[in-house]
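In the part that follows, the structures are each spelled out as structure tokens.
Heads up, the next two complexes both have subunit A, just with different partners, subunit B and then subunit C.
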Partner chain A sequence: MNPIALLPWQSVAALLAAIVALAGLPILPDGMAPASTALVFLLVLTGALVPLLRLPTATESFVLFAAAHGPVYLLLSGITGHEGQAGLAFFALVAASWLIAWRLVTVLSLARPTSRPMGTLLRLVVPTLFGVWLLLLWEAIVRGAGIPFILLPPPSLIGVRIANSLPILAADVQQTIFKSVFAGYFMGCAAGFSVAILADRFVFLRRGLMPIGNMVSALPIIGVAPIMVMWFGFDWPSKAAVVVIMTFFPMLVNTVAGLTAAGSMERDLMRTYAAGYWQTLWKLRLPAAAPFIFNALKINSTLALIGAIVAEFFGTPVVGMGFRISTEVGRMNVDMVWAEIAVAALAGSIFYGVLALIERAVTFWHPSVRGG
Partner chain B sequence: MTDRLRDKIIPVTVILAAIVVAWYVGSYAMNAPFQRDLDRRAGVTSTTWEFVVKTMSQPKPTLPAPHQVAVNFVENTFFRKVTSNRSLVYHAAVTLSSTVLGFAFGTVLGILIAVGIVHVVTLDRSLMPWIITSQTIPILALAPMIIVVLAAVGITGLIPKALISTYLSFFPVAVGMVKGLRSPEIMHLDLMHTYNASAGQVFWKLRVPASVPFLFASMKVAVAASLVGAIVGELPTGAVAGIGSKLLSGSYYSQTIDMFAALVAGSIVAILLVSLVGLAGRITERVMGARPA
Partner chain C sequence: MISAKGLDLTFQTGDGPVHALSNVDLEIGKGEFVSFIGPSGCGKTTFLRVIADLEQPTGGAITVNGMSPQEARRRRAYGYVFQAAALYPWRTIEKNVALPLEIMGISAAEQRERVKRTLDLVNLTGFGKKFPWQLSGGMQQRASIARALAFDADLLLMDEPFGALDEIVRDHLNEQLLELWARTNKTICFVTHSIPEAVYLSTKIVVMSPRPGRVTDVINSTLPKERPLDIRESTEFLAIAHRVREGLRAGQSYED
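Then we have the complex of A and B:
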């Protein structure tokens, strides 16, 4: 049987890309030693042909891992300092190693993990590889095509920038996240929660507030930011006020919806126990509402960050993430902007992740947690 | 009918009235100190009622009274030429155009991603966690950079703003569509299997119809997000046109009444867009033969 037919399509495409690269040699006019060029080709060929050997999944994954990341490492270290000189061969080889990485991810996705920790590891590795390759391709394209760093800096430069300006970033995080976001988030969520309990107690209030709350969630509330800046001044209270307004309604709507989640059977049971309103609320209905409340907390974590950062576009003291983004854009220091965005993304993910962990601990009884 | 009156119309009206009253009280409380200052400097003594009226007719109040906002809004919406720079219709139209363009891009992109995730295992495993993570990232912070960098390359006008709207609107659609395309039950999939249906047939005849309610539900969220993106996208362009720029120029010159009127205009646009998407959803479902539940 034709061996090509036995190969998965990613390997065939990687082989084709390697042939194209051969035609387009050298990889760089100067800067790549012949030895490393040969090594790149060798690794790509290994990666493309390894599916033929029918190795066990683990071994094959290791070979593919080396065959995908070795060449791209050599290529990237070759292009550094020679930006914009890359020819057809460079891009063809990057594409070939990307295809091998794709093959690796496919192998890992189809793998049947033998134990639970292995399964967790696989679930983490696959998306991590995807993220890493996004950065690698970004780096390769920016450096290879010689895109001016002022337009789109490569990830490595952004990393250097983060490492070099840690004090500034820390001050910005302190101002924006620890002062504005946290203060506003806690006040907004607490207010939304309290009003939701009130609305639950008084049916008239609930009937009046719910349609309004649902409508407000569609409005561009972020527009109140300049007004809040005018009222509360440039420092963090104005940002916290924006965050309070943005987080109030999701909390209200979700909590009220959650308080109706307890079944009538359970409520009847509480009534047969002669439980009062507050006892029923505390022991039955609030725990039943927990998934909804945590949903609101998670939505609000993102909204709070957005609210605080955008509010800083309208005026701040000379510190803060939104301030830094808007001023550094003006000075065309795009790498600092990306550093700030990376930090914001990290902070947002940590915020969300912590909430998700607390949720798992609190709603351990819920099917979505138990089943997983 | 009486049920509707009792359960919805009366409570909502009462709460709205309470909000308006609270607003008037608030605008008196917030404008009074400045007015007192003015009166003292001018040496005017006025009765309580005159004083209250004066706090509600300042040209640049801290919190404008509802009727001031309403007058400004009506004036700038209905009594100005649509092409005038002061017309709210003009600004709303500018914002609306980038909202709709970004929303269209975002919806198409979201659907494509969802189809890919449902059909390719590799994408499901590798892309889905990133889609969820990306929702935790304050992507709006990118807005000024996208605008400035694209302007440096020579792309200005509608496209950069629409790109920000696209960013914000494709997440809800992608997540909702993945849920929708996976919503057919095993039994229905098995039935298609017994018919010897191909993957394409399962997709077009079962998955797509099943996903339509999810699509419209997530499109409602997406269109609201898209409007927010368009408004924020107008901020760094230096207040040329649009509701966002109206807010920004209002904040430069302390034109609070203008800012509130712009907010009202933005809210009306949002409500119109969401209702339109909802209406389109209901019509589509009726055409496809859904019965009212």
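Then we have the complex of A and C:
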């Protein structure tokens, strides 16, 4: 039987890519030693053909790992300094390593972990590989095609910029996230929650407050931010005020909706005990509303970050993530802008992730969490 | 204990009024065990809910313990077992049973003691730390009965509490319920669809019929208070069961 027919499709595609690359040699006009070129081909061929050996999963994974990341490392070090000179062979070989990595992820996803720590490790490895390859392909395309760094810097350059600007970035995070975002987020969520309870308790407030809350949420941030600067000054309180305005309404609406989530029989039960308003609220309606409230907390974590950064465009002391982005764009220091974006993305993910973990712990009983 | 005179209840719904209770007259004495039986939709749940002040009658008068239903509810005069278990999923079984005790401000030690006793009573010993969704439907229903028994109300309103249980568990709980009733002298209003269950448990059987919901027959049981399970084969038992069945059939024939 034809051995090619036994190969998974990623391996076949990687082989084809390697053949295309052979036709398109050299990889770089003057960028790579013949020895490196030969090693790249050798690794790609190994990676493409290793499924034929039917090795144990662990061994096969190691071979695939080396065969995917070795070539891409050699290729990327070769292209650095020779941006824009890449030909067909370069891209074909990057594609081949990527396909081998794909094969690796497939093998790992099918693997049956033998122990709990192994299982956890496997669950982490797959998304990590996914993220790493996103960056590798970004790097290869930007450098290979010679895209001007001012349009899109390669991730390695952004990484270097982050490493070299740690004190500045730390000061910006301190100003924007630990002061503006956190203060505004807690005040906004607390205010939204309290008003929701008041609106629930007193019907006339519900009639009067909900439309006003609605209107506040519709205020455009670029109009509000300068006014807040006039009211609260240049420093973080004015940014926190913008965040309060942005986070207030989602919390209000979600809490009001959540307070109606308890079933009628569960409420009747409280009524048969002649439970008071606050007892019913505390023991029934708030627990039932928890999934809604966490929904608002998660939405607001993102809104707060956006609000604080954008608000800094409208006057701020000389520190802060939004301030940095707006000034560095003006100076054409695009890598610094990207560094701030990367830090903001990381901070936002951590914020969201922590909230999601707390949510799982608090609403463990909800069908969407316990899975049934 | 409960006295209803000319009780009327009409629900106003989107497609016209629904006459759920019509001219219901009923006297329930203290310490009685009253079963309500009748086809689906004849107003059994509605009548229990009126007693519990969860529904307001649109006509007639009703007193519970000589008070208005609202006052009786405020004084926590009754425990109510709903047609579904209605346990709170974020509380363990123990905590669910303790819920009324928490609300009534009973001390923690006393709570623990009562929770343990009532869980033993419904055969849920050892399941206190589980969450409701980890238990079978029948176990959940038993937990909800334990919750209604946890605080010692004189009146128990039970809406098809054993509907979801298998025959064996049902027999066992029927016996337990009778024993509890004999021991505590509670008044029990019990909705069921099972004729043998109604006859076995009750001192008084109320037969109802639908559209509009009304009482068609009230049967005072002649069975002794002491009732072993095999009383269900006695001729006296079968005679009462026969009369209940006749009552149900008569209610049915009104519709044709």
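As a convention for this text, the second predicted complex is superposed on the first by the 329 of 372 C-alpha atoms of A that agree within 3 Å, B and C clash if a C-alpha of one lies under 4 Å from a C-alpha of the other, contacts with A are read in each partner's own complex, and residues count from 1 in each chain.
As a convention for this text, a contact is a pair of C-beta atoms (placed from the backbone, for glycine too) under 8 Å apart; a residue touches a chain by one contact, two chains touch by 3 or more.
Predicted, not measured: the structure shown is a model, and the values here were computed from it.
Asker: If we overlay the two complexes on their shared chain A, which of subunit B and subunit C does A:A89 touch? Say first, second, both or neither.
Answerer: Neither: A:A89 stays clear of subunit B and subunit C.
Asker: In the superposed arrangement, does A:E340 touch subunit B (first), subunit C (second), both or neither?
Answerer: first
Asker: Quick one: classify A:A274 as touching subunit B (first), subunit C (second), both or neither.
Answerer: Only subunit C; A:A274 stays clear of subunit B.
Asker: Quick one: classify A:A101 as touching subunit B (first), subunit C (second), both or neither.
Answerer: A:A101: touches no partner chain.
Asker: Between subunit B (first) and subunit C (second), which does A:A17 come into contact with in this model arrangement: first, second, both, or neither?
Answerer: neither
Asker: For A:M265, using the defined touch cut-off, is the partner it touches subunit B, subunit C, both, or neither? Pick first, second, both or neither.
Answerer: A:M265 sits against subunit C, while subunit B stays out of touch.
Asker: Look at the residues of subunit A and decide whether subunit B or subunit C touches more of them.
Answerer: B
Asker: Where does A:L129 make contact in the superposed view: on subunit B (first), on subunit C (second), on both, or on neither?
Answerer: Touch partner of A:L129: subunit B, not subunit C.
Asker: What is the contact status of A:K283 with respect to subunit B (first) and subunit C (second): first, second, both, or neither?
Answerer: It touches subunit C, and subunit B stays clear.
Asker: Which of the residues in subunit B come into contact with subunit A in the complex?
Answerer: Of all residues in subunit B, those touching subunit A are 7-8, 11-16, 30, 62-63, 121-122, 124-130, 133, 135-138, 140-142, 144-145, 148-149, 152-153, 220, 224, 227-228, 231-232, 235-236, 243-244, 247-248, 250-251, 254, 256, 259-260, 262-263, 266-267, 270-271, 274.
Asker: Under the definition above, what is the set of subunit A residues touching subunit B in their complex?
Answerer: Of all residues in subunit A, those touching subunit B are 102, 105-106, 108-110, 123, 126-127, 129-131, 150-152, 204-205, 207-209, 211-212, 215, 217-220, 222-227, 229-231, 301-302, 305-306, 309-310, 313-315, 321-322, 325-326, 329-330, 332, 334, 337-338, 340-341, 344-345, 348-349, 351-352.
Asker: Could you list, by residue number, the parts of subunit C that touch subunit A in their complex?
Answerer: Those residues of subunit C that touch subunit A are 49, 52-54, 73-76, 78-80, 82, 84, 86, 88-90, 99-100, 102-104, 131, 133.
Asker: Could you pull out which subunit A residues touch subunit C in their complex?
Answerer: Touching subunit C from subunit A are residues 263, 265-266, 268-275, 279, 283-284, 287, 290, 363-366, 370, 372.
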